[in-house]
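Next come two complexes, and both contain chain A; in the first it sits with chain B, in the second with chain C.
Right after this comes the complex of A and B.
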């Protein structure tokens, strides 16, 4: 395929169409909620994991279950569930990584009873023996619930194979994250589409397509102009991405939960696969929903901005996201001390007017200029 | 070289014409903003004042909420950048600028070189903006312009919430029903705006000299309350409402001289 066709293939990975395709192929779909779910287990059982991060939509029905001031990602997942958007899925795995996600899981049981809720309870203190045992117990619960909900069977051999599939995907996504900002052909919107499509496509297909993209990009026109490192939970708003492209602001690297944070850590490919998955979770870090008393994320971001030669750091703050709001202060201070231009823009799944966010981005660019 | 800045705000339109990046030749203002004929009228006022036509202007820069609507612009710049440039032009050495307009508030931290170092904007809320004063003035059957004089006569400013315009409206009615003097209520309203804007400013490191810009800057009671809240003098210039347009003209001159 030509470069344009490959980029268009990522844009065209519409979740509704992908869901219909998988169902037509006789496959069963399991929804995976933010921020981290053990997709490898779902994949190893012959099921299709499809990420659900909500959508930019008006919230109506879900308001019955949520207070006003809560994360709109969680709210819009329930909204779409109640509207029937996810109909056909066999189960949903919802982790317990923040207070809003805990509420999401509990509300889901009553709001969307047709799609069974599978909880994934993670340990706070994950990087010790007890933490790894706790995570493994959580995985065993997920396996048990998925077997009951879907009739599929789990095997350690199949999981060992899925770990390899996911590790390969992680590697190719890390390479894409490093390379994307270097080419003029990859707009902010295209970059987002590559990450977003990974939640809707089987990893084997996605890995192949990203490899094809990277090969097609070689030798094409290099990007120019200022660049930023993005951080936050989500960065998929078309209005925001369009504004970045309009301003000629490239994304040199990201620390976005729905993007690169998913692919930083591989699972060991030796030993018991469930232990390996627990070891992977134990090794993860630099994320607002993963306990880190030292808050190393701020130093990591400063290093990333410096390492990529980016002009500044852009924090895309999901409205009412407590974990990100706690980190914001620490990150802002670290940037000030390092002399790195920093901007925080608050975004919401329900936003229809981006005027203020656009003004802030324009002013940020003018400041970089 | 003549450059023209046009600042199209939510409730007003302003124009400034600058000669050679140094001297302002015309400053105009119309009390109607985005979506009205105010911007065109302010633009034509400026040209008429100088006896010139559009062809005499080397560069037009649009700023403000309606900047994208001005089709005749050679350049566009954010109002944050423009208010900063206008403020530093009027007050050399300025370190903090607080702009309170018709529907939003912004605070800009300025470095020693006169460049914008950091900024914050208010949440999407009318509290702490010109809209809050408009609503209160309508409620009291007064004009916003009369607030400063009335507040100066206050002996005991009333306590008015700074969190929500709708709640504050009912608070004002409750205060009046309880027999509070109108001037005390007005002083409370001005303090409410100042506290809201001041707490926004405190998200940054407020360094003196500090000035106010935007339409609300004209209100001496708000300026005084803000000064008291931040513990710094708040500078004011009669052109405060025009800083955005002036900054846009300065921005255009800077861009043209670089070319």
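Right after this comes the complex of A and C.
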């Protein structure tokens, strides 16, 4: 395929169509909610994990379950569930790493009873023996629930294989994140589409397509103009991405939960695969929903901006996400101390008027020049 | 001036003693700080048995924030935090506490600055972020006990093992920071005190089953401060036992601290609106509504027999449990105490508590066959409450309860 066609393939990875395709192939689908949901387990059982991060849509039915001040990712997941968008899925795995996700799991049981809720409980004190053992117990619970919900069987050999598939995908996505900002052909919208499509495709297929993209990009026109590092939970708003492209603002690297954050650590490919998965989780960090008393994330972001030669840091704040709201203050201070231009833009999935954010981005861009 | 028996001015009354204990928690910590001892800031549902056994003075930011809010300074401190960049969507207790850490002086409720933080996230994940930020901003260690939200009805062995390892690690860290040593014998004393205080608290709150209730439910909001700050101390046990005794005497004498005719009895769901305590209380009392039940009764009833039992108790606090377990606790309370309605505070500060409340309160209403009405408010930011909306909603609840009584 030509570069243009490859980029189009990522944009065309529509979740509804992908769901129908996998179901038509006789596969069972398991929905995986944010964040750090153990997709590898789902994959190893021959099931198709499909990421659910909600959608930019009006909230109507979900209002029966949520007060207005819960993050719109959680609310819109329930909204779509109640509308039947996820019909055909065999289960949903929801971790409880923040208060909105805890609430999402509890409401899901009553709002969308046709799709069984599988909880994943992670430890915060994760990097010691007790923490790893607890994470493993959480994985075993997910396996039991998935076996009951889907009839599929778990085997450690299959998981060992899936860990390799996911590690390869991680490596390819890390490479893409480093390379994407260097080429004029990859718009902010395309960059987002590459990350987003990973939630809707089996990782083997996605890895192959990203590799093809990286090969096709070689030797193409280099990008120019200022670049930023993005950070936050979500960065898929078409209005935001369109504005970044219009301003010619490239993304040099990201620390976005729905993008690179999930690909930072690999599972060791030796020893018991479930222990390896727990070790992978234990090694994760620099994230607003994972315990970080020294707020290393702020230092990591300063280092990333400097290391990539980016001109500033753009924090995309998902409205009502208090983990990010707490980190914002520390990150802002760290940027001020390091002399790095910083902007936070509040976004939610019901945003109809993007005008204020556009003005802020324009002013930010002028500061970068 | 004559001092009414049982009033807050009567030095032999439970109310007086409980107020003294709550105030002493702050003055003791301040005195310890001045002596050069290391002082901690501690989450309300952290296992206080650990610092109490080690003899380490601690203060409670949640309790402080409630006090500051009740004394009318919530908005001022929230605004200071917002000026620092904290979103006004963040829990108002956290905003007040982060602001206090910056200004270090608020006459509405001062407390000594900490040398370390004791965090337990069994009540919410927000707690983790709040204490992380305090730890970073103040440059002091954070001791973190992670008790995850339990999606199941029972506490698993895996969870007990995970939490136990953290309890032991917390003790080790506290010994290192303060130089004090753990004593099993002292722990048994603290455990006995804590259980004794909890039993008396549960007994006192359960006496609301009498008709009329021997107390105004708003009393409990004050007394709760002792359950938060001093439940491991013998004087707290004694004062709570005295409180239960006074309530029993009220029943025998046909008296109550609810100074109105008790026409209706309700369960109140959620944290109090501290900045609007008088308004919310008067709105009920003027209609003859007594708040006879809250989940606070259970929230601080820590009863157990040994170290593992203590761990399990902390894994079962109200905000760490699934909808069904939380619902059933409330249904049991409603049925045991006998209520005519449920008033739900949709608390802007508390995403976890309010986030599945619409569904849970619907189920409670159906199971107990009582009307459910909610209002919007906030535990500490006065800007998130509308007196007019509260009044309208409470009036609506009253009318439903009235028509049901008339039809009964």
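Throughout what follows, the second predicted complex is superposed on the first by the 369 of 369 C-alpha atoms of A that agree within 3 Å, B and C clash if a C-alpha of one lies under 4 Å from a C-alpha of the other, contacts with A are read in each partner's own complex, and residues count from 1 in each chain.
Methods note: contacts are C-beta pairs under 8 Å (C-beta built on N, C-alpha and C of every residue); 3 or more make two chains touch, one makes a residue touch a chain.
The shown structure was predicted, so the numbers you read here are calculated from the model rather than taken from an experiment.
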Between chain B (first) and chain C (second), which, if any, makes contact with A:161: first, second, both or neither? neither
Is A:362 touching anything from chain B or chain C once the two structures are fitted on A? First, second, both or neither. first
Answer with first, second, both or neither: which of chain B and chain C does A:57 touch in the superposed model? neither
Chain B versus chain C as contact partner of A:265, first or second or both or neither: neither
Looking at chain A, does chain B or chain C touch a larger number of its residues? C
Now for A:326: first (chain B), second (chain C), both, or neither, which partner does it touch? second
Look at A:119 in the shared chain and tell me whether it touches chain B only, chain C only, both, or neither; answer first, second, both or neither. second
Show which residues of chain A both chain B and chain C reach, each in its own complex. none
Taking the complex as given, what residues does chain A use to touch chain C? 64-67, 69-70, 96-100, 102-103, 105-107, 109-111, 119, 121-125, 128-131, 133-134, 137, 288-289, 291-295, 317, 319-320, 322-323, 325-330, 332
Across the complex, what residues on chain A touch chain B? 342, 353, 355-356, 359-360, 362-363, 366-367
Interface with chain A, chain C side, in the complex: residues 84-87, 89-91, 94, 121, 124-126, 128-130, 132-133, 135-137, 141-142, 144, 146, 148-151, 156, 158-159, 161-162, 164-166, 169, 322-323, 346, 348, 351-352, 354-359
Contacts from chain B onto chain A in the complex sit at residues 65, 76-81, 104, 115-116, 118-119, 121, 124
